[in-house]
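First chain A sits with chain B, and in the next complex the same chain sits with chain C.
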Partner chain A sequence: MFLLPGILLIFLFFLAPVVITAVMGFTNMDYRFQWNFVGFGNFFRMSDDFLVPKILVNTLVYTFGTLAIFNVTFGLILALLTTSISERVGLFFRALWLLPRFTPPVVYAAIWLWILSPTRNGLLNGLRVAMGLNPIAWISEYPWGVIIVTNGIIGASMGMLIFASAIKAIPRDYLWAARVDGASWFQEVRHIVLPLIRWPLMFITAYQTLSLLTSYEYILLITQGGPFHASEVWSLYAYNKAFSAYAGTYEFGYAAALATVLVLIGTVASIAYWKMFRFREMMAPPRIEVS
Partner chain B sequence: MAQRKFTPGSLERERRKQRILRVSMYLFLIAASLPIVIGYLWLFVGAFTGNLVYGLVPQSFTVENWSFLWDPPSPAWPDIWRTFFNTFFLAAGVTLIMVVVSTSAAYVVSRMYFPGRSMILASTLILHAFPAITLLIALYYILRTLGLLDSLWGVILVRAGLMVPFGIWVMKGFFDDIPWDIEMSALIDGATRFQTFWKVMLPLVKPGIAAIAVFAFMAGWAEYIFLVTFVRDPNSWTLSSYINAIIGNYRFTNYGLLAAVSLFYMFPVLLFFLLTQKLLMKVTVGGIKGGR
Partner chain C sequence: MASIKLEQLTKRFGKVVAVNNLNLEVKDGEFIALLGPSGCGKTTTLLMIAGIYRPTQGKIYFDDVLVNDVAPKDRYVGLVFQSYALYPHMKVYDNIAFPLKLAKVPRKEIDRKVYEVAKLTKIEELLDRMPGQLSGGQQQRVALCRALVKEPEILLLDEPLSNLDARLRIETRAEIKRLQRELGITTILVTHDQVEALTMSERVAVMHAGVLQQYGPPDELYDRPRNLFVASFIGDPPMNLIPVELERTDGRLRLVADSFVLPLAEEWENMLGQIPEASFTLGVRPEDVRISTEEKANALLGEVFLTEPLGGGTLVHFMFGEISFRVLASREIKMDVGDKFWLVPDQSKLHIFTKDGLSVREVGRRDAQ
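On to the complex of A and B.
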């Protein structure tokens, strides 16, 4: 009786959509919502779609670019620095970096639209004008850079939080011992901290890959995938196929097939990470019980 | 480590090195955080000025940007207060459903044995692998079938449904931490199972409830993608749809209006954030918010 609402909600808005998406991928459903099964038609169409290779490259560059630069590396730098300085100041900086994550996406996008504005009223172009240079249309000139930076600033906070709590969990004795031996800060990080937070590092890499593969909210708001599909990633392409106001086609069947492929790509990536990072070892019971 | 000779003054040098390192750490953090600080500062400055000279320098003070409070910028747009109320309704609805549903389900999963228990637990984890965003198309179909398109209730149910697995896991952890003895003694004293849950267990998991409630409220308040996809009717707009319309109509022109409405939207978030950021940071480590 207590469980019923929970099960009902999960079933209706989580389990059922998974099944419906998979089945819908085999129909050519459009705005009339009819289940006309077309076999693997949508998947053949995908292999002929001249945009798909471009979208795929965009997706890979965006996912691994953001991951490598921000979600892992920059998150790690933030975690290392904010745990090395005074506790209160470190906490302040971590809270500051967490703020974008809790900002409504439209407001976050509005801030970036102002910073990157092609007119001289935006921040970057305003500074250029002040230096006597001509304004630049940042978003259409550097679409990849824009989506990587804007998503990366939000993405870094996740790694920052997890790494910071992992670093704080390292027994202080190790660090003091190293310091007594005359280790510099960099040596401490390199030889003590990094080996000890290996698992969180791998976890964030794997988890954030999946997150980035499927995130398109901010791209939709800031570049809209443009100019000319230059910053359109796989998930956004699926969204546009289904709901784009411009195309007006509402190709739900094709879009569902695209979404299914994305889930498959995500699954393959998780299995690869599972093997590569030997996560099974992490799940294994410790050899020596310490309690 | 290389052997070091301690000569007079080497301690001094070491201290200076430490200080330089520390200062450069602060400098790096400040420089890296500058875009965030400037961006949020703009919300305040931009909302009360006309266009800024050289991007940053305000010219004059004005409250003209705030005229949306009594006069919609476009006749087709709804009254801002109605929009504000819708946003609150959405956030409160998500919070209420998510808290009630996941707390009761978590209690059962944590405390009772029944066939299929482990299956339920496993399925909530597996479902987590399916990002909500790829399910958007199917969700659209379901809401349409249920006749909930263009209604805030549809968005509330979808958002709550997607957050419930997360809520169950967090709350299960809190219930698991309460010793059996406490519950036992209540049962032995003659309380029914429901009374134990209501009078003994619930007060003990209050921190957990507070945590998931804050999360649900923030998620509901900030909701964007489901809203603009499922709700087109201006009467059901929230502040997200409102700002989305401003971006759509005045993409690169009316920055004052954009900043003012954004600040209006952000205000509760900022307040909430300042009050609860410690709580949030604790939970984020365990749970994960939607997208990234």
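On to the complex of A and C.
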């Protein structure tokens, strides 16, 4: 009985949107908001949509590229570096890296637009010109690179924070023992630190996968998914179908079907991670003294 | 194997001086103990020798080679942490094999060496377990194996027995001693337990507040404590320590506190004569007092206040006004509360300390130098 309000809340805020989205995915709802059920129509349309394969590839490259290069690896490197220098300097660098999180997304995007501007007034091209090189249209030339870097720079800070606190929680004795046993810094990281922060690693990997799958605001602001859908990812495509009038209509039904597929992908990924890390679980519960 | 020499070793953590100007030598193959209360700088000293902490000042030599700038892995030191620090994600076998794997020892060789040390400490059947599945005593053995497997020149043990129960502690004490003797490895044992230090090691370094108090064989610490701290820290039951005034009556020296009046033998005349002050602390070990029913020279008459049977003997408390005086009596003497006895302290085993806490014997020696 006491759980009832809680269950209701969970249903209202977490389950209901998913259910409504899934149900909406079976309608051809548009700006008139009519629930006309069309069976699997939207899903057949998806399989015929010539853009879908391209967008799927974009999504995978973006999600796992950002994840592998920045959100996990770079976050880990930042955490390792800032925990192996003096406490105060480390804290300063971590705080510095956190700044973009406090910056409004539009400002952050604007800074990137300036850095990547195809004109010679952009930061990168300004440098190229100063070195006697020709300017490059960064966004058109390297759409994947741009969305990975711009999302990764800001995304790495979460991993950095979680990993840094996990690393600091490792008893110093383990690290000292490894040093006496003959471990170099790299061996210490590989054999002691990484295995001991396995759970935070898994958490960040899974959490960031889901958040990257569904995030599109920086892409929308910086590349708009372009040029020619080259950097358009699944969630942005769904957003465009629903809210952008470039198709002339607000295709809520089709967008909902796209979103439903995204939820499925996310669920499958979560289960896969769970299995993968669970498999290596081997720390046994400690036993009390008997001898 | 190697000898160790610490020269004016100092370690500060901010304002805290953990180790203060420590000078210490350990001979090749020797087993010494660093003894002192918690927080006196024992672990810090050990970690400096292992190369984990960099000394704030001073020098560390192994075999007369300065090692201050040598990395831990190149010091050939085995270290058993107080926490044991077994890697929780590795099996016992992998824990022990870890130093060898890092040294790129061939697989077969690793196997052989791991089984060899495991046999030495009788843990062969535990090699497949995780550290979390072991008892404290077993973990301690595994930690010892991991320290020994790389055949280090120096073995450092940080309170290796403090997590074990009393019976296991006594067994392990003997076993570590046996191992050390078999391997002939230079060993420093850190402990706050005086019995452990006195029974296991050839020499004991007593530390207090980061400062070395005395360094010598157990007998020497016991028989000739250089200062009040060593006197009070070593010995069980502890030494009687009584603040006294030196008085001269009828040409004889006496130590007086309340109704406690102890005439001193001639031999003390010289030593105390040189010292201008009159306030001292008298130290008498409970076992250095003879109990008699008849009056004796240089004796005090005391009344039994309380008796504590200790198994082998009886600890008898006598009261002299406010001053309590404990004497270890053999079981043969029958004693009841209220009985009166003559107490005859062995004059050659009295300890008299100046106001600064220094033994009067030391003052004499220092002045002679």
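The criterion applied here is as follows: the second predicted complex is superposed on the first by the 258 of 291 C-alpha atoms of A that agree within 3 Å, B and C clash if a C-alpha of one lies under 4 Å from a C-alpha of the other, contacts with A are read in each partner's own complex, and residues count from 1 in each chain.
Just so it is clear, a residue touches a chain if its C-beta (ideal position, glycine included) is under 8 Å from a C-beta of that chain, and two chains touch if they have at least 3 such contacts.
For clarity, every value in this text was computed on a predicted model and none was experimentally measured.
> Mind working out whether A:S215 is in touch with chain B, chain C, both or neither, as first, second, both or neither?
Touch status of A:S215: first partner only.
> With the two complexes superposed on chain A, say which partner A:L12 touches: chain B (first), chain C (second), both, or neither.
Only chain B; A:L12 stays clear of chain C.
> Look at A:G182 in the shared chain and tell me whether it touches chain B only, chain C only, both, or neither; answer first, second, both or neither.
A:G182 contacts both chain B and chain C.
> Which partner chains sit in contact with A:L196 here, chain B, chain C, both or neither? Use first/second/both/neither.
Once the two structures are laid over each other on A, A:L196 reaches chain C alone.
> Which one hits more chain A residues, chain B or chain C?
Of chain B and chain C, the partner in contact with more residues of chain A is B.
> Touching A:W114, do we find chain B (first), chain C (second), both, or neither?
Only chain B; A:W114 stays clear of chain C.
> Now for A:T21: first (chain B), second (chain C), both, or neither, which partner does it touch?
Touch status of A:T21: first partner only.
> Kindly list the residues of chain A that each of chain B and chain C touches, one partner per complex.
Correct list for chain A: 181-183, 187.
> Provide the residue numbers of chain C that touch chain A in the complex, in ascending order.
Per the stated touch rule, the residues are 47, 50-52, 71-73, 77-79, 81, 83, 85, 87-89, 98-99, 102-103, 130, 132-138, 146, 150, 165, 168.
> In their shared complex, at which residues does chain B touch chain A?
1-2, 4, 21-22, 25-26, 28-29, 32-33, 35-40, 42-43, 46, 51-56, 97, 100-102, 104-105, 107-109, 120, 123-124, 127, 129-131, 133-142, 144, 157-158, 160-162, 164-165, 168, 218, 221-222, 224-225, 229, 239-240, 243-244, 246-247, 251-253, 255, 258-259, 262, 265-266, 269, 273, 277, 280-281, 284-285, 288-289, 291-292
> Under the definition above, what is the set of chain A residues touching chain C in their complex?
Contacts found on chain A: 171, 173-174, 176-184, 187, 191-192, 195-196, 198, 282-291.
> Along chain A, where are the residues that touch chain B in the complex?
Counting only chain A, the residues touching chain B are 2-3, 5-7, 9-10, 12-18, 20-21, 24, 33, 71, 74, 78, 81-82, 84-85, 89, 93-107, 109-115, 117-127, 129-130, 151, 153-155, 158, 161-162, 165, 181-183, 185, 187, 207-208, 210-212, 214-217, 220-221, 235, 238-239, 242-243, 252, 255-256, 259, 262-263, 266-267, 270.
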